Structures are given as structure tokens and as C-alpha cells.
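Which chain is which? They are A, B and C, in the order written, and residues in each are numbered from 1.
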Amino acid sequence: MRSNLHLKSLIFFILIFLFWESSSFAQEDLSQTWFNPHRANMLIFLIFFFAVIIYFIERAKKGKSLFIRRIAGLDAIEEAVGRATEMGKPVLFISGIEDVDQIQTVAAMIILGNVAKMVAGYDTPLLVPICQPFVVPVAEERVKEGYASAGKPEAYNRDNVRYISSEQFAYAAGVNGIMLRERPAANLMFGSFYAESLVMAETGFSTGAIQVAGTANIHQLPFFVVACDYTVIGEELFATSAYLSKEPKLLGSLKGSDLTKALIMGILALGVVLETLGITHFTRWFYIE
Amino acid sequence: MDLGSALWNGLAVFLTLCIFSILYKDNPFYKLAEHLVVGISAGYFAIILYYNGFLPKVWVPVVKEGKFYYLIPTILGIMMWTRFSRKWSWVSRYPIAAYMGIGMGLAIPLTMYAFILTQLSATMQPVGFANAKLINNLLVAVWVLCGLIYFFFSKEHTGAFGWAAKIGIWTLMVGFGAGFGVTVMGRVSILIERFEFLVNYAKALIG
Amino acid sequence: MSFYEKMMTLDRRWVYLCVGIAVAVPLFVPFTVPVSVTPEVRSVYDFVESLKEGDRLFIAIDYDPTVMAELQPMSLTIMRQCFAKGVKLIISALHQNGPGMAEQLVSLVSKEFDKKSGVDYCYLGYKPYPGLTILAMGQNFRIPFPQDYYGVSLDSMPMMQGVRNYDQVKAIIAMEAGWVADSWIRDANGRYKVPVALGVTGVMAADYFQYLPSKQIFGLMGGLKGAAEYESLAKQKERQATGRMKVQTIAHIMVIIFIVIGNVGFFMSKRKK
């Protein structure tokens, strides 16, 4: 308790110092100095951001429980898989068009593993068309693991994870062909998508499949929202993958960014109140001259 | 229109119509045009990269100007290519790490400043009901807060928090609607230009 | 299938046909639509109008032929306005498929005004990694571009004497079709505090309005409408975007009709169930 009080006092005095010092440095030429105090706000924010992320990652690594609310998209995925099982038709999983080094593709692979475990339990076929060659072995591994963890390793069919094409619209055409021929009852589209998103979502809609999509590419979200039954929006995709994988780095990053968001919300609310009262110093601290 | 322009523009018209043919159904003409555009863009980019990247940044400095320290990034770049070898792909981790480190070091502080701090300070405006500007500021502040609450994953969306999250998702949907609308506008603009091209070509041919 | 369900499941090829007719027919029918000018476009025009002869302006033509329809008209109009005023232009083309197209544009407009490369304008061309290029230009244009697109050394150019970096240009007007717009805001304006205005495609327009109140950009021209607004202010002879606005209007009406049909079908068939 006492050390917390000392820490808070220290931070308070540093802030006061910076408020005061920043005005006295205003007229000096700082281009030749090692430290530019006008940018201290950025430094403090960055230190805070990195510190909370590292703190929560370390907490997660030690096995401490970090609460993340259940994402509604997970229920939608379960419903979609359940419907496909009832109808005796396959589930189609599309993991985006970017390579495995993109974080959205990584998130999609985590969700794929979870979906593979679900469909293995129900004996529902799972089709996974892939756009980038380097993603194929990763997808194969995730699906195989999913089947193994459901206790059905023999049910895994390697031919169901197939490379289509690295070209955007050639891939979309290939996926459309699969949708029209195989008539999957559930289309799950998670990952990074661009202009081909609406092409695929529209074809899936025309076949009557239940569609759940998720991407962090903001421009494609409107298309998924109109063509799909449920859309996992932006950061929810990463939250879903963190929730499913329980990977310490993902969980810790999510909790750290949540805390940063809470700080931003608090600053915003406080700033609006102060500005309305005519006190502008607080807002000016966030602006770099 | 001279013969050369007629032929080149005629080719452009043919390829445009090939692409449009997908609207009816997939066919070999569409596939031809699609593969052509992929191949030509890749080839074009390779040449652009050679003349604007390799020559001025590697060949001229090292061979003509004797600036041998340019070999350091050149070697790092060559190491990236080992990614395609199963045996040597570990070598590519070093230049990737250097590239990511430099990229993050340059991008993170500026991103924090430009897209978070500056936007935060611009959102903190006086609010009230006295005039349209104050009401606008209030709405922006409320919607930003509700949007952030929607993406807060450490608490269940229940009670007042849940209501704020609902307002947040409605805000997002309004934004998506606007995004959808401008996307339609953008796509229609491109279609208009193509139709104009086709019509102008036909007019030029007929004379 | 009921009538309302048929409305919802209308074959998309009918939609394509109707939109195609809505785009093609107005091309043959002479009429105009009024174009109202928004403050964010006017601020770009007013800024360029305030420039004096000899001032330097940086224009980034960072798009490729796929979005020429929206961005070319505004690029043409601004360049013509600048050359007419005697403003000197530094031009880059940081999209990988765009340098040839940008060079054609620069040649076309420079010939109209009898402007010389190196004296009245400097076309830098393309360099990979736009973010790094933008940052490097903030230190010195010669770091990423020791020569211009034609291989001429920047140091030998009369108009580049004494021009080191963004400090010597009045502003940057960037025509963008992708994420490089973020780089101009973050790196050029955020790091070097150079005023930036954007001309973006319609798809991107909604995303960049937030940078106007924060003064990270001083103007925004969005899509064909933005180009038409600028043309109506500039009052030049050639007005590509203005001529296309009538077609855009009819096409939008057609799209709205289909949206209404689909929604009526959706709600009525839901009610029936």
C-alpha cells in the first residue's frame, strides 16, 4: 500500500515537472539535443503501453487466470457447425489471402484448429481452401491436431486442405467453385481479405449456407456484415484466437491493450469535462508542438 | 485515330470486355485477361524495382561510387531469399528481425502520436447543448467512448456497460454503412471511366 | 416462392444489366447535375490559389491505373492550376504500378504549359517502401532520390537548388489509393509537421475525415465527387469528373432502387412468416 502511494506520488510529480518544463523549453532549439521534452508525453504513453503488455504476458505465462469475455462469434461458429452436421453437408473454412506471417492469418489458424476439433467430434467434413503456399502446412497441422484432440486422428483427410492459387481473384474463383459444387452448409471466413471478400460472401449467400466471417480489414467489414449471418469485427478476431488458444502472449497482449483502452477512455472522459469547464492544459499535454 | 492507337486501344477494349464477361459466367476469355494482368503487373514491377531499387541503391553506389557499406543491406537482402530453402531458411530470420525492429522503431512512436494521441486530443472538445458544434462534440465523444467499450474484452457486456456496448455497435454499423456507400461510389466511378473509354473508342472508330 | 422472396433472390445478372444501362445511357444524354462544394475541398483549392510564383509544392501521385478514374481528374486540375500560377512542382509516384502512368500525366500537363523538367518541375519517380521513402525525404530528398525519374541528378537542377527537404515546400498534396496515405499523415505531418492534404478514392474517403478536425490534414478530396468539386472551383476548360457526375447520379439512383427492393422483400417476407 505504501509503495503504491510512493509510486503514484512519483508519477504525479513527474507529470507536474513535465507540465512546467514543457513551457520553458518552448522557445529553445532542440534539434541537437539527445532528449526532446516536447515528446515526453509520447514516451510516457509508450512506456505505459509496453509495460502493461509485458506485465500481463508474464502473468499469463505464470498461469494466472486472465478473464476475457466469451466472444459472441464463437457461439455463431458452433451454431454453423451444428447446422452443417444436421444437414449432413461439409463446413468450408476460408483463412484469408495473406501469408502466414500476417497476424490475421495466425488468428485464423488458431480458430481453424478449434473448428477442426468441433467437426471431428461430429464427423462433419471440413474443407479448407488455401491461398498462400506457406499456409498449407500450417493449416494441415492445425486440422490434424484438431482431429487428434477430438480422438479421431484417422478421420483426418489431407486432401481436404488444398492450395488453390496465390492470385486474389483466381483464389476467389476457386473458392466459388467449391461452394457451388460441394454446397457446404456453413462457410467460415476468418483472416485478411480484400476485394474478393464480397465475391466469396455473395456466392456463399446464394447457396443458402450459414456464414460467419471475421476480419480486421475495416473496408471489408461492411461486405461481410451484409452478406454473412454473423461478423466478428476487427479486434474481436484476435480476442477470439486468444480466447481459444489461451496462448500467454496473445492473452497478455489483449489484456494490456484493454488496460490501455481503459486509460484512453478515462482520459477522454476527463478531457471532455475539463475542456467544457474551460481548462485546456490537460488536452494540450497530448499534443506535440 | 491512327492505326497504332486503334490497335492498342482495340486491345484494351477487347480485354475490358473479357473482364466484363465474368458478370455472365466464368469463361476462358476472363481467365485470359486475368492471367495477363497478373503476369504483366508482376513483370512491370520487376523492371521498376530493378531500375528504381537495385540500380540506384546497390549497383551505382557499390560499383560506380565505391560506397562499399551499401553491401551490408545488400547482403541482408540476399539473406531474405534463403526463406525458400528448407535447409537455410533460418538465415532469413536475421534480416527479418532487423527489418521488423527498424520498422517497429520507426512506426510505433509515430503511430502512437498520429493515430492515438493527436486523435485523442482532437476528440476532447467542449460539449453542451447550446449550439450545433457543442452537440456534435458531445455526440462524437459519446460514440467514441461507446465504440471503445464495445471492444473492451475484460468485462462482460451487462448492465450499463452492455447498453454502452450496444450503442457502440450501432455506431460501428452506421460507419460501415457509410463505408459501404462510398465503396459503391468508388466502384461505380471506375465503371463509368471504363464505359466512357469504350464509348470514346467506338466514336473514334466510327469517326 | 412468394413475390417478396423473389425480390430478395433476384438474379444478380439483372442487377448488373440494369446498372450497366444506368451507366451507359447517360453518356449519350446531355445534361448536367449541380455540384456543391464542401469545405474540405475548398480549403485545398484556397491553399493552392494562395501560392505565389516560385513557391514549391509537393504532389504525390501514389496510385495506379486501376483508380485513375477518380484520382486522375484531381491530379490534372491541381497540376494545371499550379503551372498556370508559376508554382514549381516536386512530384513522386510511390505506387509500384504507377510511375509510368504518372510520368505520362506529368509530360502531358508540362507540355501544355511549356514547362521544363528540372526548372519548373522535378519528377522523382518511384522508390520501394513508401513509408521509409517519406521519412527519408523529410531529411533530404536526395537520400531516396539522388536522381530524378530520368536519371538527372537533383543537385544539377536549378529548381532544386537550396531545396533540401519538406521545410522548403509549402505543402504536400497526396493522391492516394492505399495505406500510403497513413504514411503521409504519420510520417510527413506527424514527424516533420509539413501541411498535408489528401486526394483519396471514394472507398477511402470516409476513413480520413477524422484527420480534418485534428488538423493533421488541411483538406480532403474524396473520389469522383471531390474531383468534380475541385473542378468546379478551378473553372478550367477540361472537366472530366464533372462530366461523369451525371452518370454517377443515375447509377446511384439505380443502386438505391435495388437496395429498396431487397429491403422491402426482406421485411415483407419476414412479416409473412
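By our rule, contacts are C-beta pairs under 8 Å (C-beta built on N, C-alpha and C of every residue); 3 or more make two chains touch, one makes a residue touch a chain.
Predicted model, so just to flag it, every value in this text is computed and none were measured.
The most distant chain from chain C is A, comparing centres defined as mean Cα coordinates. Chain centres defined as mean CA positions place B nearest to the mean of all protein CA atoms. Looking at A-C and B-C side by side, the one with more C-beta contacts is B-C.
Averaging Cα coordinates per chain places chain A and chain B 19 Å apart. Taking each chain's centre as the average of its CA atoms, chain A and chain C sit 31 Å apart.
Distance from the chain B centre to the chain C centre is 14 Å, each centre being the mean of its Cα atoms. Within chain A, the positions touching two or more other chains are listed as 218-219.
Listed for chain B are residues 113, 118, 121, 179, 183, each touching two or more other chains. Chain contacts: chain C has residues 203-204, 207 touching two or more partner chains.
Looking at the complex, you find that chain A touches chain B at residues 39, 41-42, 45-46, 49, 67-69, 71, 167, 169-170, 173, 218-219, 221-223, 225-226, 233-236, 239, 254-255, 258-259, 261-262, 264-265, 267-269, 271-272, 274-276, 278, 282-284, 286-288.
Taken together, the chain B residues at the contact with chain A in this complex read 26, 34, 38, 108-109, 112-113, 116-118, 120-121, 123-128, 137, 141, 144-145, 148-149, 151-157, 172-173, 176-177, 179-180, 183. Against chain A, the residues of chain C that register as touching in their complex are 12, 203-204, 207. Chain C makes touch with chain B in their complex at residues 13, 16, 19-20, 23-24, 27-28, 66-70, 96-97, 99-100, 125-128, 131-132, 135, 146-147, 182, 185-187, 189-191, 201-207, 210, 213-216, 222-225, 244, 247-248, 251-252, 255. Residues 23-24, 41, 44-45, 48-49, 52-53, 56, 106-107, 110-111, 113-115, 118-119, 121-122, 175, 178-179, 181-196, 199 of chain B are the ones touching chain C in the complex.
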